[in-house]
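Each of the next two complexes has chain A plus one other chain: chain B in the first, chain C in the second.
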Partner chain A sequence: MFEIKPIFNALCRSKVGAVLLLIQIAITTAIVSNAAFIIQDRIGYLSQQTGYPEEDIFVFHVMMFGQDVSLSQQYELDEAMLRQIPGVVDAAYSSNTPLSGSGSSSDFSLKPAPEEGKSARTSYMFIDEHGLNTYGVKLIAGRNYTEDEVIVTDNYDELSKVTVVTKTLLDELFPDGNGLGQTIYFGDIPMKIIGVIDLMKGPWLKDSRPDNVALLPFIKAGSNARFVVRTEPGQRQSVMNRVEEAMLKNYNKRVISRIRGLDEDKEQYMAEDTLMMRMLIVLITILVLVTALGIFGLTLFNISKRTKQIGTRRALGARKSAIISYFLVENAMICSVGLVIGIIAAVYLGQLLMQHFSIAQLEISYVLGTALCVFVMSLLAVLAPAKRAANISPSIATRTI
Partner chain B sequence: MLKMNNINKVYQTEMVQTHALRDFNLQVDEGEFIAVTGPSGSGKTTFLNIAGMLEPFNEGQYLLDGIDVGKLNDNQRADLRNQKIGFIFQGFNLIPDLNLYENIEVPLRYRGIKAAERKRRIEQCLEQVGLASRAKHLPQQLSGGQQQRVAIARALAGEPRFLLADEPTGNLDSLMARQVMELLEQINRDGATIVMVTHDPELARRAPRNIQVVDGQLADLTLYQGTQNLKAAGV
Partner chain C sequence: MFLHYLDLSWRSFKRTPLVSFLMVLAIAIGIGVTMTSLSVYHMMSADPIPEKSSQLYSVQLQIMDDGSTWWTKDNLPLQLTYQDAVNLNKADAGGKRVTMVRTGFSVYLDSDKIKPFIGQARLTTPDFFDMFNLSFLYGGVWSEQQEANAAPVVVISKELNDKLFAGENSIGKIIYLDDASYEVVGVIDDWDITTKYYDLNNGSFNKTEQLFLPFSLMKARQLENWGNTNGWKHEKTNTFNDKLNSELVWLQFWVELKTPEEKQAYQDFLMAYMQEQQKLGRFNRKQLEAKLRDVNEWMQYNNVVSEDNEILVGLSFMFLAVCLANILGLLLAKFLRRASEVGVRRALGASKRQIFYQHIVEVAMLGFLGGILGIILAQVGLLGVRQSYSYYKSLATMDLSMLLSAPVIAISTCVIAGLYPAWLVCKTNPAIYLKSQ
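What follows is the complex of A and B.
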């Protein structure tokens, strides 16, 4: 019924158009499946859980030029004032902003330097006892610091004796699950793990260890400082609008700047990835459209070239449905060969991308899914011209063209 | 076998209305071999198209083997064409990408005939037209006369009772035309009814029955010839 053999033989005898089309289908499949995989990977990356209620948190910078106050005392006054603003849940000093692409990291080890011991790459932040609550992260074991454990100083002579770390870091350093209460070393400085938090991303989401974070109770009261504030849901903007005035009212010989939401910082950090993802979406859309138009155009060309042949087939007894199925089967055969080549090319391209651009290994489901979509798209592209062919009058067979 | 009663066919464009067939009446009996002649634009091809159900008519009744063709839908007409009619076209209308075997196979596939039976019929028809050894050749590898013989084989393979030939020798030289005509006569002797449209008076004379289409109507051949003679005499 589907005339597979004669269609195949006919294609073998006049193969230029078919070969061009199958190459286009193969290229489309190879590129689209890899691009779709990368897009999905980027979507997962862009929408990953960070552990923070990002939309309720904002950060701002303070640059003090007045020298008539004690900085550490002033910062404590500022924190207390911030916590009193209506809509604020908590506020804290923070040495850097998570998710922003800017921060500090070091290897935290089981042995003091210079001894060799098991270590893990870790990003760390200096915060005070309000830090955990302000960032809204979840403590799953142990405890937070007490006020007494927070070291407030203007040099690095003394560092914290305790730390709160993420579960991921704890599991990496202590796979047996007995890390709480153990001592780890920041260089040669020992720190006891007193608390474990569930999920808290560090400053670099693209880092090889984005989830390894250690929080150290330490405030270095310099002329530059950074505060983080968490508000009630929906209150952030109004608090952000008032924070500069409130801070200057507290002490006015300073500049308040870069008042930004945590999600805004993250968005800026991820801007390149977002752009790349959008460009890939545009690319695959154009590619699929061009392929669909190619199939559409080639079928129209074939129909105009074979008008008399179609009329003759109709005269010899072909129903309209037989003409439609002829073009669908012909296209499906070309498409199938193109897809087989495309699938092989996609896997090969995926391996090249993995080797050269540190992209995860292409999942075969993306290749097969893309192949299926291209197949359906090609059938849809051929359907309208095929219907047009079916409407060619059989009387064309007796006309001398 | 074929009966047309008051068939009218009008081609309508925005500017012009052309009456291609006007109250056309014709009866063709089983086993006849009829040559249809007439000047260009007289309606011969329109008659052939309607007889072969290749295009619809506006008025009248057309019975093919007792079936009222005007009442059939597109699929039914396609099936009836496939089962009862064999076409032979002036330009042969072979499909260039298919070899001879596959060309002859086309109408048999549309009828849903099984592969073994198709093979038997194709080989038999190719034998009948003297091209059994060329089954794997493409049409363009053959001469015009050979191509027309393939087209005849394609028409015969469906074992039709009714053959419609549109200028079957129009594109052939006289020797090949004679061969094709002899083949058609043989097919007619074997029992098929043939209606052949032709310009060639010599060819038409070989058919047992001649009809002439003039201005979309079946002309009385004797009266028409008389008028031509009077014109020639300057009356």
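What follows is the complex of A and C.
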């Protein structure tokens, strides 16, 4: 019923146009399916949960150059002052800040160094008992550490004896689920796990272990410090505007810098991936448009070449729908071959990308989905010219020849 | 003849404006997409110091005991320990060399005019300026004597000099860094590099530092490292001195070696040095290893060009291929319609070669127009990149070589696309078309 045989014979007479169309469809399928896969991968990465109420938290840098105060005392005063600001929920000195791309990490082990034991890569943060509340993360088991357990010091001779860790870290070190209350080692220093946090991302979202975080109740005040503040929802901007002045009023021989929201830090860390995602989206959009235009143009050309033929067919009794279906079937035939080649090319390109870059294995569903979309798009691109062909008057055929 | 063909091309362009415009648009979009990603790639991978990039070598030593691993592909740490960096700097081997590390200070003056701010600083041995081709606006580098004595002196960037001293000659003036005063001994001119190749640890495209101070100040004043510090074994490093004597790596070390012989000699020296150190109980491993990488090798090794960018460049060339197929189809349509006209020209004595040449000139003209339009589209694309990611501000631009290569790529793409249609049309048998005239 589709008159495949005569259409195929006609195609064989003008191979070049068909081959060109086929190439375009094949390459388009290969690019779009791989790009769509990468885009989806980035969207997942960009929209992941971090465990923090990012919009309510901001962080800032303090660099002290005055020598006439005790640093740890000054930071205590600063913390107290920050917590007094209206709109602030809690504030704390933090040795580094999450999602920023800058922090400290080490292996936490089940045996004291230099003994070799099961260990897990962990990013750690020195912060006092306000840490949990300030970061707004959820404790799911055990308890937070108390003020008495926080060591405030100016050297590393004594380190904290307890720690609160994320569930991911606990599960990696103690897969049996009996980790709470056990001892883990930071180098050769034993620490008892007293609390478990549900979800809390570390400083590097691209780390091999972004979710392994340990909070240590230890404050060694240095001249270079970071503070983190959580505010009531909607209050953050007004507190951020006031914080530099307030900090300098408390003590002025220092520089307050890089006051920014936690979400801004995250955005900056992810900016390259956001850019990649946007560029790929632009690329495939234009690509699909160009291919559609190509199909459109080529069909128009074919029609103008076959005006007389079409007129003759109509004069011999072919219905308009027969003309339209002729072009649709012709296009579908070319497109199917192009798609088969395109699917193979897409899989091959996916393999190539996986070999040379850190890109996961292309899922076949993306290729098939793309193939379907390209097929529909090509039919739509043909529809308008085909309708125009159907309107060719039968009398055309009788005029010349 | 060329001009005549050009004129014919223009007439033909005007005769079928829609198809011609579509072709120019197709090539322009292809070029626009390709040039956007290629320009960023070009700026990322550009040689930052072409006049001597093959003479400057970053030094890596395999300090780890057998069994330890690093994340680099050849398992070598990226930086040096304090002991090694100081020893290599002192040793009488190799040409100019530099040991350095990044730090920072609160910067202020004796007056209230300028609010204290954070300044990025580099602690470095004095050969730095000469090795990396920096020129001085005022003054010069500190002396070997001052380096040895950890003298409180500083070289500042032009930008900082403008900010602090309104661009005047500030030699001899005093600035405050943290709690101490330092005398300005030099002001360097703008340093235009997009890739911070001499220290790729904290972002390849970060700005260069504003303050440069003698390296010996680090030990004398216990200045902190603002770059990366990495360890590979468990060590007690509770005090600053512990850190200096540890196996932690945190310093950059470069050496200038002018000839392959010098390089070989230095390589031998490094092996001898490590054997010496083995006697002191370090480098507990069977196979000693030291690596010298020049500027370009170093940038490649550190993956300065991001993976994403390489993927984009690859995909955009495939995109260009789609555009090429598109143009080919349209050219076929356009040229074959003209077959009767060509038939007349052939009958009047034009040779096949002339017909072919005429059509190639026509597609080249389309390519040129597409290339120009493509540059405009690429500028829009690059603007989008800069808007989306301000860190790429200095990278997402087209330099002269990219501006010139855009039309070249466009014209060659079009000529490739035009070869088959032009060949087809010049094969035209004049008799057929003369009959139907």
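The rule we apply is simple: the second predicted complex is superposed on the first by the 399 of 401 C-alpha atoms of A that agree within 3 Å, B and C clash if a C-alpha of one lies under 4 Å from a C-alpha of the other, contacts with A are read in each partner's own complex, and residues count from 1 in each chain.
The rule is simple: a contact is a pair of C-beta atoms (placed from the backbone, for glycine too) under 8 Å apart; a residue touches a chain by one contact, two chains touch by 3 or more.
What you see is a predicted model; the values in this text were computed from it and never measured.
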Of chain B and chain C, the chain that contacts the larger number of chain A residues: C
Chain B versus chain C as contact partner of A:393, first or second or both or neither: first
First (chain B), second (chain C), both or neither touched by A:73: neither
Which superposed partner A:187 touches (first chain B, second chain C, both, neither): second
Partner chain in contact with A:315 - chain B first, chain C second, else both or neither: first
Touching partner for A:361 - first (chain B), second (chain C), both, neither: neither
Where chain A meets both chain C and chain B, residue numbers: none
Contacting residues of chain A [partner chain C, same complex]: 16-17, 20-21, 23-24, 27-28, 30-31, 34-35, 38, 61, 63-67, 113-114, 155-157, 187-188, 222-224, 254-255, 257, 271-276, 278-280, 282-283, 286-287, 290-291, 293-294, 297-298, 301, 353, 357-359
Of all residues in chain A, those that touch chain B in their complex: 1, 3, 6, 9-11, 13-14, 308-309, 312-322, 393-395, 397-400
Chain C to chain A touching residues, read off their complex: 19, 22, 26, 29-30, 33, 36-37, 104-106, 108, 116-118, 176, 178-179, 224, 233-234, 238-239, 306-308, 310-312, 315-316, 318-319, 321-323, 325-326, 328-330, 332-333, 381, 384-385, 388-392, 420
Residue numbers on chain B that touch chain A, as the complex places them: 45, 48-49, 52-55, 74-75, 78-79, 81-83, 87, 89-91, 93, 95-99, 102, 105-107, 109-112, 138, 154, 158, 166
